[in-house]
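Below are structures written as structure tokens.
There are two complexes below, and they share chain A, which is joined by chain B in the first and by chain C in the second.
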Partner chain A sequence: MDNLQIATPEIFLLAATCAVLVVGLFTKPKSNAVYWLSQLTLVITLMMAVSQIGGETKTGFSGAYTVDALSASLKSWLLVVAVGIFLYSRDYVGARKIQRHEYFVLGLFAVSGMMIMVSATHMLTVYLGLELLALSQYAMVALHRDNGRAAEAAMKYFVLGALASGMLLYGMSMVYGATGSLDLNVIADILAGNGDAMTAERTIGARFGLTFLIVGIAFKLGAVPFHMWVPDVYEGAPTSVTMFISTAPKIAAFAMLIRLLVGGLETLSADWQQMLAIMAALSMVVGNLIAIAQTNIKRMLAYSTISHVGFLLMGLVGATSEGYSAAMFYAITYAFTTLAAFGVLLAVSREGHEADELKDLAGLGKRNALLATVMMIAMISLAGVPPAVGFYAKLSVLQAAVGAGFTWLAILAVIMSVIGAFYYLRIIKLMFFDDATDETEVKPAGDVSAALAVNGVAVLVLGIAPGFIMSACIAAFA
Partner chain B sequence: MSFPLLSLTIWLPILAGFLIIALGDGPARKLAAATSVLTMLVSLPLYFGFDSSTAAMQFTETVAWLPSFDINYAIGVDGISMPLIILTTLINVIVVISAWDVIKDRPAMYLGAFSIMTGLMIGVFSALDAILFYIFFEATLIPMFLIIGIWGGPRRVYATVKFFLYTFLGSVFMLIALIYMYQQGGTFSILAMHELPLNKDQQFWIFLAFLAAFAVKIPMWPVHTWLPDAHVEAPTAGSAVLAAIMLKMGGYGFLRFSLPVTPDASGFMDTFMIVISLVAIVYIGFVALAQRDMKKLIAYSSISHMGFVTLGIFIAFRLIAKGDDAGVALGLEGAIIQMVSHGFISAAMFLCVGVMYDRIHSREIADYGGVINTMPIFAAFMVFFAMANAGLPGTSGFVGEFMVILASFKANFWIAFLAASTLILGAAYTLWMVKRVIMGPIGNDKVAALTDINPREFWMLAILAIFVLLIGVWPNVIGSVMHASIENLVQHISTSKY
Partner chain C sequence: MTFELFVFYLFAAIMIFAASRVISVRNPVHAAMYLVLTFFTCAGIWLLLEAEFLAMTLVLVYVGAVMVLFLFVVMMLDVNVEPMREGFVKYLPVGLLVGLIMLVEMVFLITQRYFKSEQFPIPERASAEGMSNTESLGRLLYSEYLFQFEIAAIILLVAIVAAIALTMRRRPETKYQKPSEQIAANKQDRLRVVQMPSEKRT
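Let's turn to the complex of A and B:
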């Protein structure tokens, strides 16, 4: 019974999702019932997840599933982001030939997958959660079935995603061969030299497996050189799905990274630190430089994501608990900021018109000052300019990197963030300095406007008072 | 805990600025005027209640802000920062007057942005925590970016992006240096950083990081090229604030960070710094002579005048080597007085150009001529400020330059000789401009149709003129408050850290 108790949020979410799926069959396509039921499901799950915060660490299902400070707070943030995603995408999905109930049900399944990833302390659980997330996402990218680019993106995503999953599984099997266990806590014990003595050969086996694990994780995060899918999928997918892919799953992927590398293979940190440092450097350079050349906002934000993944990894290269908290803070605040940016893009889009070219934002400051201001705050935050929250995220990962002796990486990072500032500023320039090419009135629904305003203010206020997220992040690795 | 006067000075204009934007264009002007006057009144007790006998920080407030990183909301003022804060609140009043009926496009956003920026700039001058300083320092970029970009001239986008990226690039290196020192000393307190022992290599790299931030901001040759662009494209009040206050953040940064945190490296680099200061003074002076655009001319003149600030700061190390502590203090005080004085004079010069620009919509010197015939009162002000800019004795422009030149004399004749050449060059480019614009017969029909300044413009310029004269004839009005702080600074920089 204890086993089931620690997984109540997930169990509820899964049961409710199945119920929503059934309800969806009997509602009219134009009805918003599925949307409201999905939101209700998420909010109840959120309350359950929040109630786990502050509780003691509990492990169940023979060590396969863990609820601790890390999982409780990551799940809560994940669900908050998911509520925002559903709200922002409601009208966008409604105005297009996207089956609305499929969209929300797949979204809910993806959320359960992410929650499982966050709590998984067994390689098979990790894999199960990851695949649940990934399969839902492949289908979501393809939801716009009359759109050739969406189909192409889904195909690319699926093939490359399957390859990455294969890499991950192969790595897991190598680690299993070396240590004889799939339970991450047991693996950590064995690698640390407790119990069975580790021979040199077996350590090499574990290292070999580690390399493949990192390839799999890097693919899911979109770190260079495993980033090729990111721009194409971001561009091809319906904007609401792009928003989904670029926000909450980053939090889940971060959790997976922590569970595998820190929870399971921390003894091998000397090996993965180097790999992460190289990927961090490459991601920041490639992401920021190529983003400058983009004219499509979704592609630009794709490269921007890649660069931010580089920053996130920079927090981990030191293999210190400060660094892990810094990266966790980065993942959470990044998800929030990107959510606001995509929320604005969705609000500017309308039936028969996708706002995905840079020029679509021209003159937004005059067309809808609220949306333009929210977008500006998001861009300032992504650029890492104080007082927006992105500054603290950058400050904390820089601090972790400098503290761990990776000063060269920190210097590279700040130079790249200046280059990055250029394309974020370009968005502000378009919105406020240029005249509109498209004078159509932009009028999102009242609740969407209100949510976007709250989201924008949160990015700013969290920048002025980041204390409480920061202390949650520190508590997760205390 | 005493009354948080300094916090009020910082946050009143920031919060009021958001309110101005939120309430829209209707009440914007009156609200902005009330805010600016109130902010100035609130800041006055900082001056009159200031204890000039001590170098300790005054009006301090400390609240734990991010305990996990040991970041505090710590603010306070000493004799170096206080005059700059008063300058900021005064200029803010002038800005509101100057924009009163000139800005027609979205006045609420315009005035709100200036109000927010005022609070942020006061924050820069009062922060005692390095991260707090960095936040204010960077946050000022955003309103200025929007001001130049929205209300600027034809090449505003180029100018404002260049302005933002240039200064952003400079300051991120400072951020790395601050984080590094936090790793060494375990605190972000600026005063604790002053005491942090650092060896020669550490100091050298930290000095370079600070130099990247402050040399771009002040700006020093050869990283000055953003300034003429930004000045030319910015709206009048934007140019005035940029020249009057934002540049001072660079000079203030040298005094607050570079000198006390890395005294040995500053001493080691002093020749380099003195040489590029002299290049700014002499070479940029010649560049100013060649300008055809009035705003560009004043922008180059600003760079040249800022050369005096850096010269006054770094000549100190030559004098320390000679054991002449009085000379050191003379140079440093000269640098600060030069900063304050230039704040008033450059703002006035830009506003004068703005007055003409509002009427004829041209900044080209060639489009004017004989303005004195149609605008006699304005011409009197313009000539007065031009004289002050050229360093006429009796005006504030003379005091700072003279003190710096005097300090340089004590160090080396040739440095002083080159620095003093500005008295000729400055007079040449400023007065030649005045001759072409103000004097002579009426140049064209547009000038003939000019009307003289209205009472609003008159008082705007008159207030500035009063301060220029006040500092000119009674420099002690700011000199007296800074002696103790300067002595303390001299103590710091003449003590090696290893």
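Let's turn to the complex of A and C:
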């Protein structure tokens, strides 16, 4: 019974998802019942996850599942982000030929996959949680069936995602071969030299596996040189799904990275530090430079994601607990900021019109001042300008990198974020100083406007008073 | 030579023969049949390893379900495989080269010290005395790996939902039968008696 008790959030979420699936069968395609039930499910799950914050670390299901400070707070944040995702995408999905029941049900399944990943301390659980998330996402990308580009994006995402899963599994099998266990805590013990003798040869085997694990994780995160799928999928997917892919799963992927590399293979940190440092440097350079040339805003945000993944990895290169908490803060706040940016894009889109080119945002300041302001806050946060939260997030990962002796990486990161500021500020210029090409009134629903306003204010307030999240991040690695 | 060894060699020989026939016969139906034979002999070899559960699943899932489906597809689609074979001789050198490189790499890895089989000793027998392989697998699956087992079930559910959501669509041009309306039809709805004056044949 102890096992079931610690996993109540997941158990409730999955059971409720199945119930929502059945309700979807009996409601009309136009009705919002499934949407409201999904939101209710998420909110109840959120309350359950929040109630686990501050509790002691508990492991259940023979080591497969762990509740600790890291998992409780990451789960809460990703559920909050998921509530935002569902709210912002409701009207967008409703106005298009996307099956809304399936959209929300698959979304709930994806959220449960992420929660499982966050709590996984067993390589099999990590993999299964990841697949649950990935399969739901492939389907969500393809859900806009009359759109050829969505189908193409889904195909690319599926093939490359399957390749990445293969890499990850191969790495896991090598680590299993070298250590004889799939349980990450046991692996950490064995690699540290407890238990039977870890010969040099077997350590090499584990390192070999580590390389493949990192390739797999980098694919999922979209770090250079494994980023090829990111722009195409972001551009081709329906904007609401792009928002889904670019926000909450980044938190889950961060958790996976921590569980595998820090939880399981920290003894080999000397090896993975170098790999992460190279990937971080490449991601920041490639992401920021190529984003400048983009005219499609979804593609631009895709390259922006790549560069932010570089920053996130920079927090980890030091292999210090300050760095881990800085990266965790980065992942959470990045998800919030991107959520606001995509939320505005979704609100500007309307039936028969996709706001995905830069010129679609021109003159938004006159068309709807609230949306333009929220977008501006999101952009200055992504660019890392104070007082938005992006500044503090960047500052803390830079501190961690410098503190760990990776000064060259920190200098490169600063140069790149100055270059990157150009394309974020260009959007602000377009919104407030250019004339609108499209004078149609932008009127999102009342609750969407309110949520966007709250989201924008949160991005600002967290930047001025980051202690609230930061203390949770520090507690997770204490 | 013990009997076990004899059976192993027999099965192995049949398997290699069948596997090479899969890619060399011209008729795709025959190729599928040879694939069935390959799976079947492979199951036999697994039985020799006392992995009877794997052997059973291989026969049930692959021979029983996957290959039957495969045969259906091959028979119904009338695939013409001749064009696919056209470049066989042209690509043969490249294929051989790739195969050779892979072989060298494998031998190199297996015989060198890091991945030598001595580094990775044979695991001890996991199943207790008097307990079959299937039984111990089942116990593990429903006790230690219960959580993972449940997630796998959810993944299958997602696959079903996704497959239906992506392929099922209402087509306006499709004609459906509505039995209730058919039964409820009466003479007045369907039949109209028209009075016409008779005309002469022209």
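One rule holds for everything that comes next: the second predicted complex is superposed on the first by the 478 of 478 C-alpha atoms of A that agree within 3 Å, B and C clash if a C-alpha of one lies under 4 Å from a C-alpha of the other, contacts with A are read in each partner's own complex, and residues count from 1 in each chain.
The definition used in the following text is that a residue touches a chain if its C-beta (ideal position, glycine included) is under 8 Å from a C-beta of that chain, and two chains touch if they have at least 3 such contacts.
The model shown is predicted, which means the values in this text are computed figures rather than measured ones.
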item: First (chain B), second (chain C), both or neither touched by A:G129; value: second
item: Partner chain in contact with A:R202 - chain B first, chain C second, else both or neither; value: second
item: Which of chain B and chain C A:G177 touches, first, second, both or neither; value: second
item: Partner chain(s) touched by A:L143 [first = chain B, second = chain C, both, neither]; value: second
item: Touched partner set for A:G94, first chain B, second chain C, both or neither; value: neither
item: Touched partner set for A:L395, first chain B, second chain C, both or neither; value: first
item: Touching partner for A:V385 - first (chain B), second (chain C), both, neither; value: first
item: Of chain A, residues touching chain B in the complex; value: 380, 385-387, 391-392, 395-396, 398-399, 402-403, 407, 410-411, 414-415, 417-418, 421-422, 425-426, 428-429, 432-433, 466-467, 470-471, 474
item: Of all residues in chain B, those that touch chain A in their complex; value: 65-69, 131, 134-135, 138-139, 141-142, 145-146, 149-150, 156-157, 160-161, 164-165, 168-169, 172-173, 175-176, 179-180, 182-183
item: In the complex with chain A, residue positions of chain C that touch it; value: 113-116, 119-120, 123, 143-148, 151-152, 154-155, 157-159, 161-162, 165-166, 169
item: Complex contacts: residues of chain A adjacent to chain C; value: 3, 7, 14, 18, 21, 60-62, 64-65, 99, 102, 105-106, 109, 112, 116, 122, 124-125, 128-129, 131-132, 135-136, 138-139, 142-143, 145, 177, 180, 199, 201-202, 204-205, 208
